[in-house]
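Next up: the structures, one after another.
Consider the two complexes below, in which chain A is the common component and chain B and chain C are the respective partners.
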Partner chain A sequence: MDAVFSFLHHCAAAALPAPAAPVAGQQAGWAFASLSSLPSLDWLQTALGLVIITNLCLLAAERRRLSIRLIALQGVILGLLPLLAHTGEVDAHLICMTLIFLGIKGVVLPLLLRRTYKKLPPQLPSNPYMGNTACVLAGMGGLVFSLWFASNLGMTANPLFLLMFSPAITTVLAGILLIVTRKKALSQMFGYLVMENGIYLLGVPMIQEDAMWVELTILLDILVAAFVMGIAIRHINKAFESTDVDRFASLRD
Partner chain B sequence: MSARILLSLFFVLLSVLLAPLLNGVINRVKAIVAGRKGRPLLQLYYDLFKLMHKNPVYSHTSTWFFRAAPAAGLAATIFALCILPFGPFAALCSFPGDFLLLAGLFALVRFSLILAALDTGSAFEGMGAAREAMFSALAEPILLLSLVVLAYHAGDYSLSNMIGCLHPDLWAANRPFFVMIAIAFFLLLLPENCRIPVDDPNTHLELTMIHEVMILDHSGPDLAFLEYAASLKLWIFCMLISGVLMPSSLTALLAESPPVDGGPVIAFGDIVLATLHTLLPVFGIAVLVGLVESLMARLRLERVPQVLTLAACFAVFAALVLWR
Partner chain C sequence: MLILFATLVLLLGGAFASLFLRRGKWALYVPACALALAALAGIGFCAYALLQPSGLQASLPLPLPLGACLFSVDHISALFLIPVFLLSGLGGVLMPFRVRALEWASSGVPGVTVKGGDIQHGRHGFFYCILSAAMVLVLSASDAVFFLIAWEIMSLTPFFLISPQDKDSKERYAVWIYLVAAHLGALVLLLLFADMSVQADSTSFAVMESFARQSGWQGAGLLFVLALVGFGVKAGLAPLHMWMPEAHASAPGHVAVLLSGTMLNLGIYGIVRLLTLLAPDAFTALAPDRFWWSYLLMGIGAFSAVFGILLALAQSDMKRTLAYSSAENMGLICLALGAALLAGARGADKACVLLLAGAVLHMWNHSLFKSLLFLGANAVKESTHVTTIRHLGGLQKRIPLTGGCMALGCAAIAAVPPLNGFMSELLMYLGLAFGSEATRGTENPLIFWGLFFVVGSVAGLALFAFTRMFGLIFLGTPRSPESLEAKEPDRVLQSGMLLLAVLCLGVSLAAPWLFSLVEHSLRATLLSAAGTGTTDLSFAHELMYWYALAALVLLALFSLAWLVRRSASWKSGPGESPTWDCGYRYPSARMQYSGGSFSLSLALVLRPLLRPMLRIPAIRDLFPQRQHAVMSSPDWPSALWERLLFNPVSALAEWTKNLQSGLVNVYVLYIFIALVAALTWALGWS
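== the complex of A and B ==
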């Protein structure tokens, strides 16, 4: 599988600044050197490839049960990222961090979503504002855009950041797309979580600088938000007998 | 006749002989997964043999085209086999741009099949023809995109150099690209060969059929030709995937050998090994198709474009890897 998705390596190579000026060349060389010193580069690229593929599957998914499973899968992959992106010794602090992210992103959030989903009465999948096929194509467009964006940004930052940048932007765009195209409140919440996953991806490269604590606080906020939204969706369902946001138009008198 | 041409001719014949076996493998896999014993592996051969000995029946409304289409389809498919390399061995006839001819021959087969279906004057077959036309119109650009990306990668426009001459080192350097293209081809194989989840080759329900409904009025040798052409097409797709996925160390040997006319340069053992190296993945893909058919339900017709979108996504992914 690592072979399948290591295409991101190529993307990262494209994102790196071209060695035009001597300084930039030096930095590019440094970037390649420090990326190749990563013990699990292949696995990291596989994980990032899988994140992009789960994004596309989420955009294509019609049934919310499948979406929840995909979000759980994405959560597990993202939870493992700190471990994969880490250079040097694996200490208790890192393992603890990975377990917390894995637990919240891969287990708690999907379980919360599942709980909300089970409490709602069974409904037929509603037609999104934009067809699933169009959504997937738009997601591909997002990937192309993020690759172009990453290669034109001219950043000379942490090489890990450059590797993560395009998948992160792709994930954020997929999340936004999910929010604006879906009609059901729960599906829009999926978009919100996917968007947060993208922002989390941008934060993972900072793991060496202990910035993960900031990530953790954001994640806890998201957890509370998911909890509150779950309750809100149930109340919306009670008041309107549906979670279809189209029906909110009937609020006007 | 040079040894290389003889060898290519032998591989075309081998393909022609082995192609119906793919259906047997798929059906056997389906039977095993379902816990049945299944029909014999060679069932399609028996069917073809039986059909060849029957007299065809033609309706009064049908014209000469209805009679000509099956033979034309089979001829076009066999010609497509002639421009396809067999593993590391170059195709029987290979020239720059032959990948366009491959797509064109597929289109020709489809065109004759659709016209023959419309020729029967039956609304039922017209419906199948309309479906086939619609899905193939979506699948064709993706096939061409995948082939163009492969041609761009190889820097050569003949199939033999695009997928036949993949050196293991070259393959390893671009692994993700080839795997993506192979996935795109596999996702194209399913609708192009009327397999589940797009079409069910076993049903004769009017709501579900695409390919089967078009050949409903054909009988006798005509039907045998159509069935045979369908199994050859499946073989061609499996060979395409096998070619993309399996680089052969023999390509290095072939490249180094002098322009073959002075007898066989490559050892016989190498040839046998390369043949097995090519055939194994072909039958492996047949097993995979059987597994997909056993584990998946048929999709609603309106969902079929989603499968093709997925194939397009993988082809575009591959192009992105290449062009960055």
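== the complex of A and C ==
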């Protein structure tokens, strides 16, 4: 595990300037010239790097308790992002928004997950479909894919979008990977949350255009889904005496 | 045109009344009455349409998603409509009685029906009426989309009719085969009409025809091949016939009448109609670069005829024999069409008229005698509960009326002069002979004489096949207790068979007049471009008159002989004695010719075509045990289709079931792969 983490730190160091790296020539210059007006560019980049690192850690995490903590950490970072990505003056609206996101992503959802987790009987961790190392490598593959993808995206009206794009896609892909590789229903729920985080990241650059309201509604859906999943997982556990989703295969026609 | 609409309304009314009544005898009697009335009105309408100088047109302001409800009945449609009306009326009248007999048969006790296991009357009556109505629509539709809709309804309804009791697994298999074949054919037709309507920028047949005259189709050859495949499946032409033996052998008598007697004709109608759309003057002036169309038609026709009759010869089931002989007859019609194309293109007008008239008459005749034979087979099945030839025998003494009708039908289908089958083949022979004479100096006489030989040998083989079928079933001594206790079927089926037998005789006597009628209507439609009166066919008419006269004389002699024989044996009554046994003391029914031994020598001679599989046990011991010799002739084109197309497709379909694993993870993985692929494709490679 330590080896993995030290590896991740190296990766993070490489990933921090990552959004800038593939943007070639003049376009990059233009994009970052306009971004330089951002007061907290360094902090923003650090935060995005942390998001990527938490993704990779989640892919590597075997214990669900650890996963919940990592999701909470990612939630806190993401909750702070509107504040960091903001260019104008800080007003009550922004602070209110940041607090809502911090509250839901950083506190409420992890607490809900923890509650579900506690209510489940203790179980042996089941082997995932893909080993941890392979998962992390696949996550790195996702990162490479998203960087390549961002480099092919071309000009966008909002330079912030270009910055956010590849971490967002990396997060979405990491979420899907989590869903695909994990056997426990609760671990799959983590995957859905991470995926939603990625979508949220895509919405952050639109903060000036009040698009966060759309995000808020999506978040509300996810919140409800977390409740429903929490209940469903317990029922699944009752019906199948396990939360391994491969038991559902008996439901196919 | 109003009469046509009235018949359609009658048929639909009968259908929905039957659906509404659901159960009980009225659910069958009402559609039966509707079918009979519609048949009477429809035949009257056909006569009227044939008397008109040109076709009748009408349109209904019904909203279709594409195209329009255009009706048009020209002389070709009318010629094809006659058997449809005749046989759907006859089948309709027979339907209630046949259904009741089926229910009795399933209970095992005559006069008693089992509750729950019986047929849904309303459903049966409904689909029977809908099938008849759809066939009328197909023949009168004059718009591609409308035609396809009618075609699809027509193809779909037999699915519900072939196995009314839905019990037998074999019948169920037949139904599925039918459905798959019908839809493969419909798929090809869909492609064909889609391309045609895009090119002509309209779905109306009239517009398509004028488009063909003005600018001509692009890729007409491909369109022709598509039409041949799509309609050939319906007509049961030989390499595409795989559904026919299954479906026809499983269907009850009154359904088989519609399937075999009329629906096959519609395949031929489709080919003729498409020929007129693709090349409006196909039968008078086919472009030289399209000669291969006629060669293709002739080739498929010849293959279908020869192959159909050979397999008919090798079948152990009575109804399957009949089904394969349908492939033979459709092949003959197709062959005549192809030869007519070639003759018309070479300027041999006489041959063209004769061949086309022969094809149309043969189509009518086939409808009549094939229906007669299917009804007879149904009667045999009903009285003995078997259709395997091996278990039948000596039925003539027990069910003489059925036997007599079957004998007539077999003789007619084997083209024994002077019955109706011979009359239509006579026209083909004449046409082929004139074709070869008129095309002297080219390479074509060889083709015509080759076809002459094919038609002749097919007629000979048909004689062999139907002698075998009739002889083994009706002559000799019974081979099983079932055939010993055979009884005549009910009066209605008897009169149905008698009516068809009389019609067969009637057609052979009225052949000269029917020939004139067909010639007249062909000149008004397919051959309208050729100047009238350029060809003098009085000799053919004269010949037909002579043959009709000979038929009359023979018929009179035959009935005289029958009366004499009957009065002679009136006092003593018919006696039964064993067949001549060559002095062997203990003859048994097993010593008679079996189906296999009857056709063995021919099967061995025609080994490359028929590919018989023989298993004759060698006797080595001094005291040999009981052993069996088996001969079977598998349907190798069907087997080839199975190996090349059906098995790989079904293996692929079976494999795709693995995609549905039931694991959530795998489903999300599919989304993942699709997402990455879509993103890569959409943005990555720009």
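Heads up, the rule we're going with is that the second predicted complex is superposed on the first by the 218 of 253 C-alpha atoms of A that agree within 3 Å, B and C clash if a C-alpha of one lies under 4 Å from a C-alpha of the other, contacts with A are read in each partner's own complex, and residues count from 1 in each chain.
By our rule, a residue touches a chain if its C-beta (ideal position, glycine included) is under 8 Å from a C-beta of that chain, and two chains touch if they have at least 3 such contacts.
On a predicted model such as this, the values are computed, not experimentally measured, just so you know.
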item: First, second, both or neither for A:144, with chain B first and chain C second; value: first
item: Touched partner set for A:152, first chain B, second chain C, both or neither; value: second
item: Contacts of A:80 with chain B and chain C, given as first, second, both or neither; value: neither
item: Touching partner for A:60 - first (chain B), second (chain C), both, neither; value: first
item: Which of chain B and chain C A:176 touches, first, second, both or neither; value: second
item: Which superposed partner A:109 touches (first chain B, second chain C, both, neither); value: neither
item: Touched partner set for A:168, first chain B, second chain C, both or neither; value: neither
item: A:129 touches, of chain B and chain C: first, second, both or neither?; value: second
item: First, second, both or neither for A:188, with chain B first and chain C second; value: second
item: List of chain A residues in touch with chain B within their complex; value: 3-7, 10-11, 13-14, 49, 56, 60, 132-133, 136-137, 140, 143-144, 147, 151
item: Interfacial residue positions of chain B with respect to chain A in the complex; value: 175-177, 179-180, 305-306, 309-310, 312-313, 316-317, 320-321, 324
item: Complex contact set, residues of chain C against chain A; value: 660-666, 668-669, 671-672, 675-676, 679-680, 683-684, 686
item: Parts of chain A lying in touch with chain C, wherever the complex brings them together; value: 129, 145, 148-149, 152-154, 173, 176-177, 179-183, 188, 191, 245-246, 248-253
